[in-house]
Each structure stands twice: as C-alpha cells, then as structure tokens.
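Look for chain A in each of the two complexes below; its partner is chain B in the first and chain C in the second.
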Partner chain A sequence: MRRFVQTQGPIGEFSALPLLQRAETRDLLYVGYGLLIVALVIASYLMGAFGWLPHDPRQMDVGLINAPALTAGHLLGTDFLGRDLQSRLILGIQAYFLPGLLAIAISVAGGCVLGVLAGYRGGWLAAVVTYIDNLLDSFPRLVLILLVIAAFKADIYAIMIVVGITGMPETANLVSGKIAFLKQKNFIEAAHALGLPAHTVILKHILWLNCRTLLVIQATLGMAEAIIVETSLSYLGFGVQEPTPSWGNMVQAGANYFLQGNFWPSTAPALAILATILGFQLLGDGLNNMLEGKRRRG
Partner chain B sequence: MSGPLLSIENLRTYFYSRAKRAFIRSVDGASLDVARGETLGVVGESGSGKTVTALSAAGLVTAAPGVIGGRITLQSNGTARELLDGLERYVRVEEEDGRVVAVEKDERGWRRHAEALMAGVRGKEIAMIFQNPRAALNPYSTVGNQLVETIRLHTGVKGEREAKERAIAWLERVRIDSPRLRFDNFPFGMSGGMCQRAMIAMALSAEPSLLVADEPTTGLDATIQSRIVELLGDLKEETGTATLLISHDISVIQRLSDRVAVMYGGTVVESGRATEVLARDAPARHPYTEALLEAIPSAEAIRNKSYLRAIEGDVLDTIEVPRGCRFYGRCNKVTDAIRERCAGLEPPLAEVSSGHKVRCWLYPTKT
Partner chain C sequence: MKLSAILPVARVLRRELAVTALLLLGVSVVVFTVLQLAPGDPLNVLLEGQSPRSQQAVREALGVSHTWYGRYGAWLAKVVQGDFGSSIRTGLPVLPELARVGVNTLYLTLGSLLLTLLIAVPIAVHAAVNGDTPGNTVATVAAYIVSAVPVFWFGYIVVYVFIHYFEMFPLLSGAAAKQEHAWLYFLVPIFVLGTASGTLSELIRHLRDELSRVLAEDYIRTARAKGAPVWRHAFKEGFLIPVTELMSAKIPFLLGGAVIVEQVFNWPGMGRMAWQAAQDRDFPVIMGIALVAAAFVRSGNLLQRVVFTMVNPRASKG
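Moving on to the complex of A and B:
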C-alpha cells in the first residue's frame, strides 16, 4: 500500500533534484567561489601595494632553483632564479589590477552613455552602436591590441584604454536592449507624464534601478577579459617585462624549464590565471542567473 | 478667473506612417474645454484621436511629426498659459486635395520652445494616468519610493520622513488597504487594480489642477473597473480636480462625466452635458453618437436575443480627409435634402441648445 502525503511549502518552488544539482545551489556556489577569488585578489593587491610579502620577490637564491611547492621557507616554491613564487604571484596582481579597473570603468561608463543614447534616443544612433559592436566582435581583440602596441609603443594603461573602448559597444548594446525592453512597459512615459526631469528618469529609473545588476555583471566579465589580455601580452613579451613579475611573463619564464621536468614554476602562475579568470567569469554568470533571470516578472 | 481651466482649440497632431507612406491626421482640428473642477469625458472608437488629444495637451507626443498646431490654454495660478504659443513658425504643412503631402518641422526648435512653455506644467498642473497601470510603474522600485519621489518633486514636502507619511496618507486615500505594508511592495507584488490606485495616488499627490485619465479602466477586470471608477468619482468630490477622462467605455463616461465630447476622425463631432448627449431620447444628436449608443448591448436586446448593433464600415483612416462630413460614408441619417452638403462641405460644430453642440447638417445652425 502506498501513502500520499501533501508536502508543505509553496508549490512551484518545490524541486525534486538533490540539493547539489539544483540551479540555485549551483549559482550560489559560483557566486561564492567568485567572491572568494575577488576577495583574494583585492587582499593580494593590497599586500603587493604595501609590500607585505613573505619574501623579497627579487631576492635570488641560486642554491634553490625551480623548487616545487611546499619547500621549506617557500610555500609555493621558487622559479628558475630561486625567487619566491608566492611573493611574485602576489606582486603579479599589480600588473593587471588597476589597469583592469580602468578598462572596466571605461567600458561601463562609455557603454552606459552610448547605450542610453542608442536606446533612449534611438534612430540612427542605435544602428551605429550595433554596427560598431558587430565590427569589433568580428575583429580579434588581441590582434587589434598588438597593432596598437606596434603603432604607438603603448604601455599597459594605454592598452587597457583600448580594451575598455572595445568593450564599450557590448555594454552599450545590453543597456540599449534593456531600455528597448523597458520601453514596451510604459513606465518611462509615465515618469515623464508625472513631470520627472529627463536626467532623473535616465540615471535613476533606467540606469540605477534597472541596469545596475547588468552593469555589475559586465564589470566582472570585463575584469576577466582584462586579465586575459594582460597575461597574454606579458606571456608574449609585449606587456610587463622582467624582472617585474606578471603572471603572464612568469608562465613564459617557467615554460623554458617545463620540458626538463620542472613543471611547477609555470604551472603555478597558469593555475593562478585559470582560477582567477574562472572566478570572475563564474561570479558574473552566477550573478546573472540569480539577479537577472528571476526578476523577469513584474 | 475667466475662461475654462483647459481650452484646446483647433488642435492638429499628425503622424507619418511608413507602412502607408502617408501622413495620418490623428487629431485634426479638435476643440475641447475643461472647466475647473469638472469631468469631461471623451468618447469615440479606437483611432478617433482621443488619446492623442490628451497626450498632445500634456506635451507627451514623441512620434514625428507630432503636434502641428492649434491653441492650448491652461489657467494656472490666475494666469492663462499658452502651451503652444508661437510654435507655428517651426512647422510648414503642404496639403493637396485633403491629403497632407509634406510636413516640415524643426523638431529641435519646437521641442526646446515647447518644453519651455511646458515648464512646471507636466506632472504638476496636468497629471496623467494610463491604461495598463502595471507597466506604468517601475518594476525595480517600490511603490512607496516612487510615490515619495513625485511628492518631493512637486510639493513643498522635501523631508524624507514627512514625504513618506504623506505617501502613506495618499495610499490610504486611494483605499489601498494596509498602506504601511504596501508602501514597501514592488509593483509585481500588487494586483492591476492596486497598481492603478497607486498610479492615481502618484498623479494626484502633486495636487494638479487637471487629471488626464487615459482609459484608466482598460485592462482591468470588470469588478476592479467598477471600483476604480468609484474611486475616481469619490476623489473628484474630495479634491475638486478637473478630469479629462478618455474612454471607449460609455458606461464609465456616463458614471463620471459632467460633460461629454464625442470624437470621430480626429475631431469633435458633438459636445455637451453628459445627461443631454447620452440621454436616451435626446432631441438632437450626431448620428455617430446615436450609432455608438445603439451599439451598447441593452438588457432588452439580450432578452430578445437580437443581434448586437454595430456601426457599418470602418473608422475613418484620416489620411485622406473628405471634403464634406467625416462621418458621411457611414452615416445612416443622411436625407436627400442635405446629401449634397454632407458630401461637399464639412458642417460646423453648431450649438443646438445651450451648451450642446453638434457637427451635423441635420440641425440648423443658430446664428
């Protein structure tokens, strides 16, 4: 004989999947991991900025080269000159952190301006923004940046300005798309009818209340993008130069010893890159699912 | 104070239709008056220009070319404000055989000038509520915060706490129960009727002299419609705010209006006291109004299982405005005596009795 029991709780929120396979749990894990990475990056950035490092990152120790992790005195081992990898990894964040923030600021701020112009004013501006977005999407970004470096001998900040500018149309498209969606609901018109000035409507009702989650997500994804660009360039030798550490040039320096069996000196920064980019990407993804996906009713 | 609160004279608002490659005269020579404290109901089929008239008065027409000309006068603080004063010079219209062939409009100059004339009017003097209230509220902000925003914008109340108290008082006035709890609700947590109540509170919280209600009950279910109508009636008694009520629902108009204007083809074809215009056997009335009233299903008709009466033909597409009466093609009251005039000359909006005007050749003009 089977017995049926009415379960309590709201219908519709009932989920038969085990806890770990539910979408909400997954998003929560993504965001948790992402926030952990963000906290680590910020803490490490500050440590690097104030010089609170376990070792002097330039101090060579010829007696202890290419040491693996967990060597006494060097938690994460040493590189081919016997320099402390942990200190160099922490200091390597200096190479992308502030430039990355600059790129985010440019792409988000510029994207908002363009997006509002395209979505709110519409007309030919919208067409131009979409067109530029498609144009930039179809052109490999790294090649564009290498062209800029070749032409202007650009430093990392100039490169990040390029990254920011090339990121603008994407944000602009998202913002203008959001505005187009909002315009179907006539609360923007209603706000005008209530006499609210245009800047209040745009800044408060459109950007702040309706686009803020989208912008936070764009910012986290933008940071991941900036890290990829910086580390790639440093790996290729166009970015930060030795002896200043960057994760990219650390991978490159360690790679020379990789085939000799010394995997660790290039694997450590590579794992750092992987974990960090994954963290920012998953944070953006999880936030997107949690904040944007579920508020669609209304 | 002299003159009506809001006076619209010979308003013309045109749009360009890309699909039809032609100019649509959405409003074409409409004239309306709303006196202080009165409710003017505007009825007509879809496409007769009711809503566009209201949007034009509030300066909210955005599509091109938009408002072309006319006169809109609003009495505000004892002075008459001309809301379209001196705007003719930004527009030039070319017409050929009742068809608008070209409109030149200096959009930017017009807008700058018009916004200057509208300063302090929209939202403050003329407030507006719309159909589909749920979409008219920002989904990402609480109802209370949106109400506080308009209160702080338009009234002397600037303090956060004071404005909140005022907002809660308004929520109570529009009969939202447990207003203190509702204050923190997001629009999606409220029913359509409650959203409309909140919209009404927002519109009236600015203490406007004119409320424009554009189909305020459309999209709500029937019992809620009735409640909203009741609320609008009560609030009018309490606040004395004049209302321009737009609806295609004659029963709503009947319940709330002091006077009625019937619109057809972008112009007013009949206006007068509600009791006279919508009366069962009015001595004089426009054939269009008559047809509209006949189209209302009556209990008697339902009992007899007779067919619902519809108005023959389609509503006038105002691309090519006929030389004669706009209703001529659908009119079933044309007599041989006046047929020639109906087809060839647009009748004037003539007074048939005191305050009751009809635009029809059937009635002799008293001049």
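Moving on to the complex of A and C:
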C-alpha cells in the first residue's frame, strides 16, 4: 500500500514519493543540524545531571583566569574566576531543560484542548477561544512574566507555566485550522458515519493521526522560545543565580570583562545560546516544510 | 474621500473598538487576579501581630471590600480615572512616572520598527521579484542566524565597537545626552533592538512570501499583459497588508525586547522600570506597566484593522 503525505498549501496536494527524495536539500540540512543540536543538548543534560563533567564547574583557578579556548586541560578555556567554561556550559543546560519541557507540555496539551474546542465544537466556543488568544497576545510576554515574578517571587518552573500558557493560542490555532481542513475533506463526517464515538474521532483520528507532526513541530519551536525566555531572565538577574551557571547569567557576569577586551567568557555562552536556538528553530521549520507544507509564521 | 470609502471603516472601527474595550477589560481582570493571588497583602504586613478583630476594624475603616468583585470594582474605577496608585519604592504616583519614561520607550520601539522596515523591505522585495537565487538563500540563512542572536550579548558588541572605533561612551546615559553627537547615543539601542529582536527576519520572510504569492496571481499577470504598472496593483495586497499585519503582531515582542535593551543601555524607559519593579516587588508600578503595554498593543492592532479595511472594504462585512 502506498502512503500519502500531505505537502504544500492549505488544501493539500499529495505526493507518493518517499520523504527523503521529495524533501528539498535545504530542509534536510536544517533538520540535520537541528537533530545534531538536540542530541548534543540531551547528551549534555545527562552529563550535567549525573555529574560527568570534565572539571568541577565551581573550582576556581586564580592562576588561569580568562584563558582562551584550547588551553591545555580546558577545551573551551576558563572564565574570569578561572572556572572551566566547558563544564559550566554543560551544567547551564540544567537551567532550562526540564523547565522548557514543562512549558512545551503545557502549551501543547492546552493548545490541543483549546484547538479542539474551537475547531470541532465551533460556535460560541470558537469565539471564546479567539478571545483568549487575543487576550494573551495583548501582553508582552516578558512584561507578564515580570508581573508574575513581582507577585509570587516566581521560580523558573512557575515562569515556564506562564510561558506554556502564552504559547497555547498558537498551537490551538494550528489544531483548529487542521480540523477545519479535515472537515472540508469530509474526513470527520465519514468517521462519524462509520459510527465512531466522538472521543475516538478526536483523540485518534484528529489529534494522533493528523496533528502529531504539527505538535512535534510546535514542541520544537516551543523549546527555542523557552530557551530565549530562560536566558533572558537569568541575564536580567531573575531565575538561576551565581555561582550556579546558566547561559544567561554567564553572559551577564562575563560582560563586566567584555569592555576590557576579554570577550570569551561572555561570548562562549552567547554562542551556545545562538547555536541552540538556531538548532531548534531550524529543526521546527525544516520539519514543517517537509511534512506539513509551508505555512506562514508571524 | 468618498462616503463609500469611509462607511466600511466607520463600521469596522465601531466593531473593533467594542472588541478592544472587551479585551482591555479582560486584561484588567488578568492583572487584578494576579494581584489578588499574590501573597503578602500590604495590609497584612501593616497589621501583623494585631488581633483578627482589630484587623477587621481597620479594613472596614479603610473601606476595603469583603468580596473580590467589590475590590475589583473599586480598583477598576480608580484605574479608569488614571489613578494607578503610588510606587512602593519611590512613593511617586505611577501614571505620571509612566508617562515620563513611556515616551523614551516609544522612541525606542517606533525607531526600531522604522529601522526594521528600512532594512527588511528592500531585501524582501528583491527576493520576491527575483525568486530563488543563491543570494536569497544566503539572506534567508543569515536572517535565521540574526534572529537567534541573544539581544543582550549583541548590545555589548555594539557598545564595544562604539567605544573602540568611534571613541564614544553611550553607556553613561545622563552625561552622554549633553555631549556632542548625543543623537548617536539614541541610535545605538534603536539599532540593537531593530536588528536583533527577531522581527527583522520574520518581516523579511513574511513580506517575501506574501509578495511573491501576490505577484503570481492572475490579476497581476493581466496587469502585466496590458502594460499597466505592476507595482501599483500589487502594492495593497502584496505590501501594505503584510507589513502592517506583521508590525502590529510584533509590537508585544518589541516591548519585551525593550526590557532587555533598556537594561543593557541604561535607557530610562518603561522596560527598565518594569525590571526595577520586579526586583522590588513594586506591584503598582508593574501593574501599571502591564496595563499600559497591553493598551499599546491593542491600539496597534486597532490601527492595523483600520488599514486592512481601508484597503479591503469587504472585510467590514461579516
């Protein structure tokens, strides 16, 4: 049996070519780079979690301050207190990895619920979901997070709940858009005509069979968002505090030495942020171009 | 202007104003809820150690309502009159302070929007007209990379370049304003926010996709075939709508980015004030900033809807 995969455009044209032959080279490169970054992040997270680090990240070495990369014993050099940058970068992933997963889980689960309510039920519920969408879009996210920090002295997990909630509308829009597409194709009507109960249609036919790639893509892009928020906040001095490393507070602490010409201690974490965010974004967009057909982002 | 052109705009304006009012009401409910759920009611701090009865007496004497909707009503009535309370840290009333620093944030965000347009539009138009050339692929990848650069780090780079190559010190905000070339100091944060906030690459992508879609439409082919100016026909749908759409959608991101950029550059704006307020748990200030920012976002959205209707009067129906 041939498998058909939807590509290009909202109405969907079908192609029987295998995925790897059909995809553009550029998208394959995007996805390849993204997967590499994801693998690195997960491996580094595990290394940090189990304490398999090349050096003790808190061990200061006054004799070896601001060492450049490739110094003997320190692959990525040391910072302004002589601490090993590589170990600190690896440990910095702890600051966003699990909180980021929480944000993703909330935005994907909540987005599915809202999307199904708006798309499957429709009517006044759709209007309510649109209202919630616009309401959440009215706040600059960082301002909303600062409000929550001021009110609750929120830690990073509480902040990521806010990030997850503000990420729900986008997923909801995509899910309800997908349902509208399926309705147009009479798939849902056909499932009902076969006598399937509503929960089977929603959970299996809509969410599992038709929305899972979309949700994976949203989760990937959501991780990029979570990293941006976490690094920005720890740069601003909220969230993880020194001496526990986070990429944001490493940039901030290193910046004091930046103007003296010691770029590396703040540039190394900045490059880590850059490469990681880029990886998740390219993975999301590449997968999207390959599996879902190009869609507008904005 | 003909009446037939004004009517749909008026109709949409009425509808959108109602929607905006409803949304701002929702915004106030969200802010009030966060405030209510926050631990550490100022009265609790004030009355610590007093008996429950005397606490109750003080609350009644101050006219604090028992019910949440009573408190919400009283709070909303004050907010609508422009009374956002006073800062806990400085004791100054919030709204005049916000107006003072808000102007600086307005310069920053509007300036960076303008800069983003100046950079993005030529690139996007060039890409849409010429299709997939190697140069465009490079531009796309470059746009991805630029949008992933952490704003705060990029700010330091720009400061460093300015100090070393132009021998200027934009870090000292108060003093710099009196120096010659002071205007350059204002341009640096605008440049950083305009290039590194992610708006740039999204605008390029969005405008390029929309414009190339419109340029492939039948009516453009017809215009081209009869020798009419293509640009005039494609302008509204292919340029004006996508640009205004994305600009209004990006206002919240710019305001969020302003928090960081103002921190990097010591820019005396709303973002720095929000940061300070979050540090001090200064409720009235952060609450006022959230309300003002939301109002700013919604007015941008309103403006976009009006432009959309002027271009496409059919949108007023339905």
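Annotations
In the analysis below, the second predicted complex is superposed on the first by the 269 of 298 C-alpha atoms of A that agree within 3 Å, B and C clash if a C-alpha of one lies under 4 Å from a C-alpha of the other, contacts with A are read in each partner's own complex, and residues count from 1 in each chain.
Please note the rule applied: a residue touches a chain if its C-beta (ideal position, glycine included) is under 8 Å from a C-beta of that chain, and two chains touch if they have at least 3 such contacts.
Not measured: the values here are computed from a predicted model.
Partners chain B and chain C, once the complexes are superposed on chain A, both fit on it without clashing. When the two structures are aligned on the shared chain, A:28 is found in touch with neither chain B nor chain C.
Within the superposed three-chain model, A:125 lies out of touch with both chain B and chain C [touch as defined at top].
In the superposition on chain A, A:64 makes contact with neither chain B nor chain C.
A count of residues in chain A touched by chain B and by chain C gives the higher number to C. Contacts of A:148 after superposition on the shared chain: chain C is touched, whereas chain B is not. Touch criterion met: A:140 reaches chain C, while chain B stays clear of it. Contacts of A:195 after superposition on the shared chain: chain B is touched, whereas chain C is not. Contacts of A:270 after superposition: chain C is touched, whereas chain B is not reached. Across the superposed structures, the minimum distance from chain B to chain C, using CA atoms, reads 11 Å.
Common to the chain B and chain C interfaces on chain A are residues 297-298. Those residues of chain A whose C-beta lies close enough to touch chain B in the complex are 184-187, 189-196, 200, 205, 209-210, 295, 297-298. Those residues of chain A that touch chain C in the shared complex are 26, 131, 134-135, 137-144, 146-153, 231-232, 235-238, 248, 251-252, 255, 258-259, 266-267, 270, 273-274, 277-278, 281-282, 294, 296-298.
Chain B meets chain A in the complex at residues 58, 60, 122-124, 127-128, 130, 132, 134-141, 149-150, 153-154, 186-188, 199, 202-203, 206. Those residues of chain C lying in contact with chain A across their complex are 19, 22-24, 26-27, 30-31, 34-35, 37-39, 137, 144-145, 147-153, 156, 159-160, 163, 202, 205-206, 209-210, 245-246, 249, 252-257, 259-260, 263, 274-275, 277-283, 286-287, 289-290, 293-294, 297-298, 301.
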